[in-house]
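Look for subunit A in each of the two complexes below; its partner is subunit B in the first and subunit C in the second.
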Partner chain A sequence: MKRRILTIIVLIGSVATFAQTTGHLSGNFQLDAQLYRTDSLIGAPKVDEKLLSNSYANFRYDFGKFSAGLRYEGYLNTLQGIDPKYDGVGVPYLFADYQTEDLGFTVGSFYEQFGSGLLLRSWEDKNLGVDNSINGVRVRSTPIKGIRITGLIGKQRQYFSLGKGLVRAFDGEISLNELIKSWNEKTTRLTLGGSFVSKYQKDEDPVYKLPENVGGWAPRIQLNRGGFSLSGEYARKVNDPSADNNFIYKPGEAMLLNASYSVNRLGINVTAKRVDNMSYRSDRAENLNKLLINYLPAISKNQIYSLMNIYPYSSQSKGEMGIQAELSYQLKRGSKIGGKYGTQVSLNFSAANSIVKNAINDTTPIGANGTLGYSSPFFKVGKDVYFRDLNIEISRKFSPKFKAILMGQHLKYNQLVMEGKGGMVKASVAVADLTWKPTDEQALRVELQGLWTKQDKGNWAMILAEYSISPHWFFAITDQWNYGNSDVGKRVHYIYGSIAYVRNANRIQFSSGKQREGILCVGGVCRNVPAMNGLTVSITSSF
Partner chain B sequence: MINIPLFRRPIRWEDLWVLPYENLSPVTRHPSPVTRHLSQFLVLLLLLLTSCDIIQAPFIETADNGSTTTTNPKKVLLFDFTGHTCKSCPKAHKTIDQLVVLYGDRIVPIAFHLGYFAKPLTSGKFTTDFRTPEGTLLEKHFDFVSFPTGTVQTLNCLQLQPYASWSTTAVANITGDAPVKIGITTEYLAGLNAVRAQVTLRALEPITGQLNLAVYLAEDSITDWQKDEDFDPMDIPDYLHNHVFRTSLNGLWGQAVGNADGMVKDYTFEAAFSKILNPGWKSKNCVMIAFVYREDTKEVVQVEAKEF
Partner chain C sequence: MKVIILVSCMLMSVAGFSQGKLPSVRVQEMNGKWIQSDKLSTPGKPLIVSFWATWCKPCVKELTAISDNLEEWQKETGVQLVAVSIDDSRSSSKVAPFVSGRGWDFKVVLDANGDLKRALNVINVPHTFLYDAEGNLVWQHTSYAEGDEAELYRKIKELTKK
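And then the complex of A and B:
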């Protein structure tokens, strides 16, 4: 045993020495451990293990054009809210990569995105429990300056193994300004691209005649001129009956358009999206966030304040039409309304509705399994409201020591569509975020938030106080109070406190208290976070 | 050109050509870089474009009706975990219906109403409580993340499956003979509003390992509320709930049969079970279900169902 430990120490020492002289070793470590207490009042369930933990460690070695790395993951056992099928430990991410100007290749695990991801995006977010990395081979080439080609083949990660389906994909992008010499210096920049993705899964189903190879393609364009930018992508896939679409054989499609303009202190951004039957997975039987090949971004504002995130929008792969518009303006410094340090004002609006679905004939119900499902006129907006969000943000620095952010929001949230329960929730939210820095080392930040609604769990109020003494200490306490709950017994104070210590690239944080049940979303992908009462320890480190 | 010292010689672009390089004509062998890469691109694109299967109607396979030539055909036990306010759950019910059309009585479904979506509302719609103490135990046994979900031919907590893969797993488990034959005779005792079942087992071949026998009562044709996202409005007042688990007659996990080493060939077991029905249950719609499973792996060996 002693000899084995000695061997490992020598090996690590050798790698470290080697890395110092001939390459670069980097990585990070994260541990989240939670000690649970049962709390029937907030719905925090009994956890038999009492203590659960998720841990990750990434190691990456770079040496010239070569790089290699791995990620250890441990779920002992999996934290509440993350799929317990992760329970266990392993090294699910392992890769080697070699890149030259002409050609590069990756073997093992990798993440990839084509265009905006409507057809292919493999990514990970540990908070969401999403990791659909591809394990296989990827080749990248720039055969001619201005032309970039990527091809890959592999299987997607599912827990500590791989999914059933095979993913084959190809992407090409042409930057005309790089390709055509006379365009090199033009202010108009034009990039064209296109991708093709195909998945293979054996048909072993006794009920349906299933396509084993399901392909999709997506052309895209990106145009820039001065402060103006326009981008668009349209994706379409052939018949792909799956659990997501109730086994209908209608082709799927999605479109994403974005236009933005910025000049001086003004910025305008408009995004439009249409999705119709565009769930695309490497296993047609799977659900939630598992084995997704593509990514359908939510085009609502990514809110950062807690009460504004009680009702977040998540993309609807079965069908949705949405638009988002944002206008931001920087009021002039030194002006009467801009103040000495200037003021930033942002107005944002987003909306999402259903799409129109018409029956394919008089005898087949809309969306009936084992049929073509329905027809849908491309430009018609459905009558069902999924989401509305109108919000304004005013950010102003009053002095070198004091700044404030004020936000107001009004939203409509179709809870039945998003969560499968309840009805339409109409809510108004107000936030005041005040930061006072008495010295260069110390900062006190206070958030005051209120949410008012007659639906769901009623009104909420929240106060948060954060005090930081840089560079080492951080203290925070928050109280979310569901004072408007129609059930008087559930008018609970969710009090939660945290202490963190930071030194160099290491951070340790202790948190304790109650956390409400909620939905956590990142870019339109969400997971249910169960209520929790207990202690959390988080350690992060990078090198 | 890429220089990788590990290789015997530097890799040339020609090495990446998809056709045998030496067989190409001199002109093709030395195309311009643009032609060469464009050709590679087109060949790759062509390969990918052919990777699509377009299915023409009819999209559903024709019925099999479960006909078999085996003497004791394997039957498949399917646990459907569901709830009346789960808007996606009717999709799973349809999958069961389709399997029953294909395989007849060789599919034995049981629908456990449990979890968040099975909670009854206090007034108005969805007030019926389909939940059972056994369902509460199963909630502890399985870590449910989403509904609908279920298991096919197993009680193993690690083998929850999305409903869309039930058919594939069922068909993989339905071939051949089962090593245990289960017999059920049922009787309704009207005076007591009770049911009685006589269950017999016989090992048709030696089986190793501890086996358990569980006996359940389920009810079909219950008309009540159900959410169904395929309808507008979603709330269906007269939804037909089938295979609804009502109670167990010898506990959720049943009882041990045979001995710890298993069963020898022709081992037999016989037991009688009875239960007083809840006044709300209709005996004529009840089904008695008996199944044998392995204690260690929780794999179901055989299942049988008998109506009243």
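And then the complex of A and C:
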């Protein structure tokens, strides 16, 4: 397979040479290297190698409708917090691609998402150590204007090789406005879609008779009219006993509904979600971020400020019901409360609970392996609170030289469900983010943050000062202080400084100091980042 | 294996560089309509393509700064702006209300699968590209510091002076 792709790349390259036409070579480079110091107080472990590094380089060649590319990855050795099974170097990503508006095919590695991803999404995020790219063949076609179909077959990436299971998938989408001529210019837009995915993995289990082919399907709809938008997707898969669900034979399902309204200066969005036994992997024995076929988005706000990220929500594939509502509003510029330069207000609420699980009969405990597991009424919300987050953000520009963002948050976080330890954490967080711009090029930004809780590690305070000189320099220093820790010896100041230099699309950053243990999340996927004390160098470059 | 890669890379580079154009991959308009990314530019006008996400503070600052100046820049240079959101399905449905809730009046497209992001080798957001009136990539920049929009405007002015 690899050889064949390389041949294609070479072929394209040489065709380009002989034809004396010019294609385009581009790419990027990323290096993160860390020098570790053991720090038993904050829990930074001893690293035998002392220095670890992850590096990536993409090269891509575009030539008309063709493109081909590869990615080098080096884990020498793998950074703390990312699975050490990556240790080594290789070229795990190679592809060749031909795309026109009505036909396209890809051979090699690719990323794909059907609908909102409830049934299929292959994606990568280097910070999370996620890469479930599919290696195989993909065909995309638009046989008639308004109808799009995608078919693919392949195996998913696992470290530097491929997982055991085979993934076959098909997706179709009809845009009625493009299909029906008289609807072309209508302001109401309706799109219908559906996907079917099947995975195959041999049954080698000595105890259970496991399904080798596990299929799933997902219809979806999107309706737009003026500023209104409604969308929904429902996904269901047949029984799929796995390590995730304790080998129960219950089918899985997930639903995501969204409604939003946007007019000038106002936006409202409401999302609802239900998930029941919907982990879907191409290897039933795997766990964490490995070999996931689908993606269950967390529907809470992706918080940015550090102390708001101590307790982040992550999706619960075993079962959850949740809702989120958000309102953004821009006060009129020049009005009395809006101010001369404008004021922005955002209000956000999210909640997630368990689902109801009833025993299937009097003798079988709920979730017992080898059984149907449990039954769950679709519309009934479970009584266990997983997460609550109510937050408000006000940002205002007072003058061309001074801007402020104020934010308040109250949250409940079921640490036992999320992390498998502790209990319910209730916390309040306040943030003031102030920017002063004395000249056109220079800015000083100060963040003051506080987190108050009686549970877990207690109260935190944080100060950040960042000074930037456009267009090249950033200097920052942060102190996160766990002043409320019930263990007086652990009331640590996590002091961290960094310097970055940026030129065009190149950036180099040096940082040094202590970083607390934490959970890094993107979407519904999180990884635990261990505490660190040391020096970090990061280089990114796009060309 | 490694030799083949080297040779193929060499061959590709011999084939010559042209200045990059906007690649042609699928992105989605906020009303759900798919379009090819090379159709985002208006012929004869310079184009700013800015990658961002609703959860990225520096991105929002950069777009707000560009947005505040856009009307004036457009009068002077005819420049167009397209903001490419890389929000995934956790937050992509929030993009439209987020944009209108800030009174942003420029084109925003969704790249939830990251096709355009990968085609343009974006690592982190914000990442901003500038194309000239003929559609050639002339400049790109990553991260945002207060005042960076002045450098962007200088680059746009250089284009229109030619």
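Following the convention adopted for this analysis, the second predicted complex is superposed on the first by the 522 of 543 C-alpha atoms of A that agree within 3 Å, B and C clash if a C-alpha of one lies under 4 Å from a C-alpha of the other, contacts with A are read in each partner's own complex, and residues count from 1 in each chain.
One rule holds for everything that comes next: contacts are C-beta pairs under 8 Å (C-beta built on N, C-alpha and C of every residue); 3 or more make two chains touch, one makes a residue touch a chain.
The shown structure was predicted, so the numbers you read here are calculated from the model rather than taken from an experiment.
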item	value
Room on subunit A for both subunit B and subunit C (clash or fit)	fit
Which superposed partner A:H24 touches (first subunit B, second subunit C, both, neither)	second
First (subunit B), second (subunit C), both or neither touched by A:K421	first
Contacts of A:N287 with subunit B and subunit C, given as first, second, both or neither	first
Partner chain in contact with A:A243 - subunit B first, subunit C second, else both or neither	first
If touched residues of subunit A are counted for subunit B and for subunit C, the larger one	C
Three-chain overlay, closest Cα atoms of subunit B and subunit C, distance in Å	17
Common ground on subunit A, meaning residues reached by subunit C in one complex and by subunit B in the other	none
Touching residues on subunit A, where the partner in the complex is subunit B	83-85, 98, 100, 102-103, 141, 143-144, 147, 149, 151, 168, 170, 172, 196, 198, 200, 204-215, 238-239, 241-243, 246-247, 249, 283-288, 365-372, 416, 420-421
Residue ranges of subunit B touching subunit A (in the complex, touch as defined)	1-2, 4, 13, 16, 33-34, 36-37, 41, 44-45, 48-49, 51-55, 57-61, 64, 85-88, 91, 94-95, 98-99, 102-103, 116-117, 143, 145-146, 158, 161-165, 167-168, 170-172, 227, 229-230, 234
Touching residues on subunit A, where the partner in the complex is subunit C	2-3, 6, 9-10, 12-14, 16-17, 22-28, 30, 58-63, 65, 67, 70, 91, 99, 101, 111-113, 116-117, 121, 123-124, 148, 175, 177-178, 189, 191, 222, 224, 227, 229, 231, 256, 258, 260-269, 271, 295, 297-299, 302, 304, 326-330, 342, 344, 346, 435, 437, 439-443, 445, 468-471, 473-474, 500, 502, 504-507, 522-524, 540, 542-543
Subunit C to subunit A touching residues, read off their complex	1, 4-5, 7-9, 11-21, 23-25, 31-34, 36, 54-57, 88-94, 96-103, 112-115, 118-124, 127, 139-143, 145-148, 150-151
